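Each structure below appears as C-alpha cells.
What follows is chain A paired twice: with chain B in the first complex and chain C in the second.
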Partner chain A sequence: MAHNRVLQWSTMARTWWLFDAQHQCAFRSASMLIKYLQGKHKPIYHPLSDVGDHVVVINTADVAMREDYWRKFKYFHHTRYPGGFSVTSAWRLHELDPTKVLHKAIYSRLPGNLLRPNMMRRLHLYPNENVPTEILANVSDQIQQIQPIPKRLDQYTEEELASFPKVFDWPEDHVRDPGQTKRKR
Partner chain B sequence: MAASSAVRHFCRNIPNIAKIRIPLSTSSPLREIHTSTRCNLREIKEETQADITVVEGIKVKSDRADNVIKDTCLCKLELDMKYTDVLILSQFLRPDGCMLPRHVTGVCAYQQKNLKKLIHKAQRAGLMPNLRPDRRDGKQRQGPMSSWKWKKYNVYFE
Partner chain C sequence: MNNGIGRYVCQLQRITLSFCKSHADSRGMRDFIENHLLDFTKANPGVVVYLKPRRHRKPRIMAQYLNGYTESVPLPNHRADEICKWVDLMKTRSGVKVVRLRKMWHTDNPSIQGLWHPFLNKDTSLNIKTFPDKEHYKFEQNEKSATDSLLEKMKTVKLSSEID
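Moving on to the complex of A and B:
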C-alpha cells in the first residue's frame, strides 16, 4: 500500500500551496485560506497541534472588494495616548501596502491563541508575480480561485462579437450614426 | 466645424419647421429633419471636401437581421442576467456609451430600469472600457478603471 504511505507523508509534511488573488474578494479568500493555515483540511487536525501548511499568495495588489467597500471599509487604531485615535479606509491602506488588507483579514480570522504568530509566519504575501525562487521552489500544489474573473468587452474578438445572438433588430425608421458626435454636457 | 465651412442641412429650404414631425429616435433634431418618407434603416455619413461638409443619410441593410433571437421584450427570453454579461449589455448602448431609448430596443419599463442598473455595475467594474461616456472634465480616460482614489481598485457585485 504505497499509496497510503504517501498520503501519510503528505499529511505529516508541511505542504506549500499557491493562491492567485487576482480579482478575488479579500475577505472571502481570507476565510478560505485560514483553513489551510490551521490544517483543518487534514484528518489529523486538532486545535492544539501545529499541523498547518504554508500558503503563498500572489497578485495581492489586484484583490477585489464588493461594491464600494474600498471606500466604506474602515480600519481603526488607537495609540492609547490622548487623541491617538485614527481611522483608515481600505483603499488608503491598500495604497500604502498592497499586501496589508489580506494580511489583516487573515490575522483577524485566525483564533487568537499562541499558534497564531506561527501561522502568520507561514503565510507569504506578494503584491505581484515576482516571488523569490527559493519560496517558489517549495510550492507543490495550488488552491482554486473562489470567484470567476469576468471577461472585459474589449477582450472578445470581432468574430465573437458579431456571431453572438442579438436581442433586438433595428426598427425600420432608425438612423444609425457610427461616428456619433459626443454629447455635449 | 470651421467657421468657413458651409454646412448644408435639409431644414434650410423648409418654411415652417414646427409642422415637420421630428422623430423620437434622434439625438440631434437638426440632422434628422427630412422632407421625403423614410422607412429604411439609415446611416449618417459626413464627407468633407475643401470647405464644404455634406451630411447625408444612406440606406443600409440591417447587419443583424439573420442573427436576432426574437423580436420581443427581454422578459420573454427569461434570461438570468448579471453585470458580467457584457455581450448582451453592450447591445443596448450607443457607440458613445449612452443607453438606447426604449422605442428602439423594444424592452418594457422594468427591463429598461434593470438594464440601467446592470450597465452601471458593468461600467463601475471596468468591463466595458470601449463603450464609456466621456469624462465630465473633457480629459481622456487612462485604462479601463478610473485612476482616482478608491475607484482604481477591482470591485465585484453580487
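Moving on to the complex of A and C:
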C-alpha cells in the first residue's frame, strides 16, 4: 500500500527542536538535551538505529551554573608532551568560546560509541539569537526550559522597588558596597 | 503499485553485457545476444543496452539503476535461457541493494491505530508558530517563590491596615 510507505518515511524523519538556554544550568540542560539527540523521546527508539533529532540551542552565552561553579569547575587537558598539562576554569573557557561549555557538557554525557560524532553534528549551538534562517526554518517545536529565569534588580520598575516591603531603612553613613573581592583564576 | 506511488517506472536504466567472442564460457551469452536480445530491447525501449566484447574475459551483466546502484553478475558457462532469467531479474528489480536482514519482523495483526510519526498528537497551533517562542516554553513553577509569598502577605497587611 503506497500510503503506508509515506507513513514509514515520516516515522523515520528527523525533526528539529529549539532550546533557549537563557539562564539554564549547562549540566542539567545537557542531560536533558541528549535525550533528544539520541532519539530516546521516540517510541521507535533502538540503540542500534540512528533515530536522533536535531537540536538548535540559542543564547548559549547566557547559560547558568549553580553556586560558584563558574570559578570552581575545571576543564583538564594534556597534550601528552612533558609539561603539556593545562587547567581551564569554566568562566575562562566560556570567555574564549561561549558555546564550548554546553558542547563539552553534552559530548561527555552522550554514550561513547560510533554514533556520538553524528549526534554532535546534529547539535547546533548559537551564542545568541542570531540563527541562520535556513536552520531556523527547519525548527518545528521547542523544548521547555528546566529552571525559572530570575528577575534582575534592573528589570523592576522604580515603583515596584519603592513599594517593596522592607523592615528598616539603612542609615545615610552606612557603607553597603563590600568592594571588589580578589578574583581567583 | 509497489513501485513508486503513482505509475510504474522501470528502475533499470542501463544494462551492459560483456562477453568474449571466442571463449567457451561466453557461449550462452553469445546465444542470448543472437536470439533474445532484440526482443528484450523492443520490449524495453527505456533501457539502454551496451554490448562489450572483451577478449578472454568471463561474461557478466552490469545493471545500473535509477537510484545510482550498480549490480554486477558474472555468468560464465550459463545457458541462454538462464541468462534470459537473469536479465529479467535485473529489469524487474527496484535497484535497492540486497542486504542481510538480521531480524525477521512479521506480524499477522498489523497495528490498528497506525504507525507513530513525529507529529502524532502534537498541537496544531505549532503549524503557524514562529520560533523562538519566548512565552510558552518557560519553566512552569508550581510553588510560589519566597518573593511572591512575601509580596502577597504585604498586600493583605496593607488591606487590613486600610480597613482599620
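The criterion applied here is as follows: the second predicted complex is superposed on the first by the 142 of 185 C-alpha atoms of A that agree within 3 Å, B and C clash if a C-alpha of one lies under 4 Å from a C-alpha of the other, contacts with A are read in each partner's own complex, and residues count from 1 in each chain.
The rule is simple: a residue touches a chain if its C-beta (ideal position, glycine included) is under 8 Å from a C-beta of that chain, and two chains touch if they have at least 3 such contacts.
All figures in this text were calculated on a predicted structure; none of them were measured in a lab.
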{"item": "First (chain B), second (chain C), both or neither touched by A:Cys25", "value": "first"}
{"item": "Contacts of A:Asp173 with chain B and chain C, given as first, second, both or neither", "value": "first"}
{"item": "Which superposed partner A:Val6 touches (first chain B, second chain C, both, neither)", "value": "second"}
{"item": "First (chain B), second (chain C), both or neither touched by A:Val51", "value": "neither"}
{"item": "Partner chain in contact with A:Arg71 - chain B first, chain C second, else both or neither", "value": "first"}
{"item": "Between chain B and chain C, more extensive residue contact with chain A", "value": "B"}
{"item": "Which superposed partner A:Gln142 touches (first chain B, second chain C, both, neither)", "value": "second"}
{"item": "Which of chain B and chain C A:Pro165 touches, first, second, both or neither", "value": "both"}
{"item": "Partner chain(s) touched by A:Tyr156 [first = chain B, second = chain C, both, neither]", "value": "first"}
{"item": "Which superposed partner A:His94 touches (first chain B, second chain C, both, neither)", "value": "first"}
{"item": "Common interface residues of chain A - those touching chain B in one complex and chain C in the other", "value": "147-148, 164-165"}
{"item": "Parts of chain B lying in touch with chain A, wherever the complex brings them together", "value": "23, 25-28, 31-32, 38-44, 46, 57, 60, 62, 64-65, 67-71, 74, 77, 84, 86-88, 90-92, 94-96, 98, 103-107, 125-131, 133-134, 136, 144, 149-150, 153-158"}
{"item": "Complex contact set, residues of chain C against chain A", "value": "1-2, 4-5, 114-119, 122, 126, 131-134, 136-141, 145, 150-151, 154"}
{"item": "Chain A - residues contacting chain C, complex", "value": "2, 4-8, 10-11, 13, 15, 18, 20, 42-44, 58, 129, 136, 139-149, 164-165"}
{"item": "Sites on chain A touched by chain B in the complex", "value": "23, 25, 62-71, 89-91, 94, 147-148, 150-154, 156, 160-183, 185"}
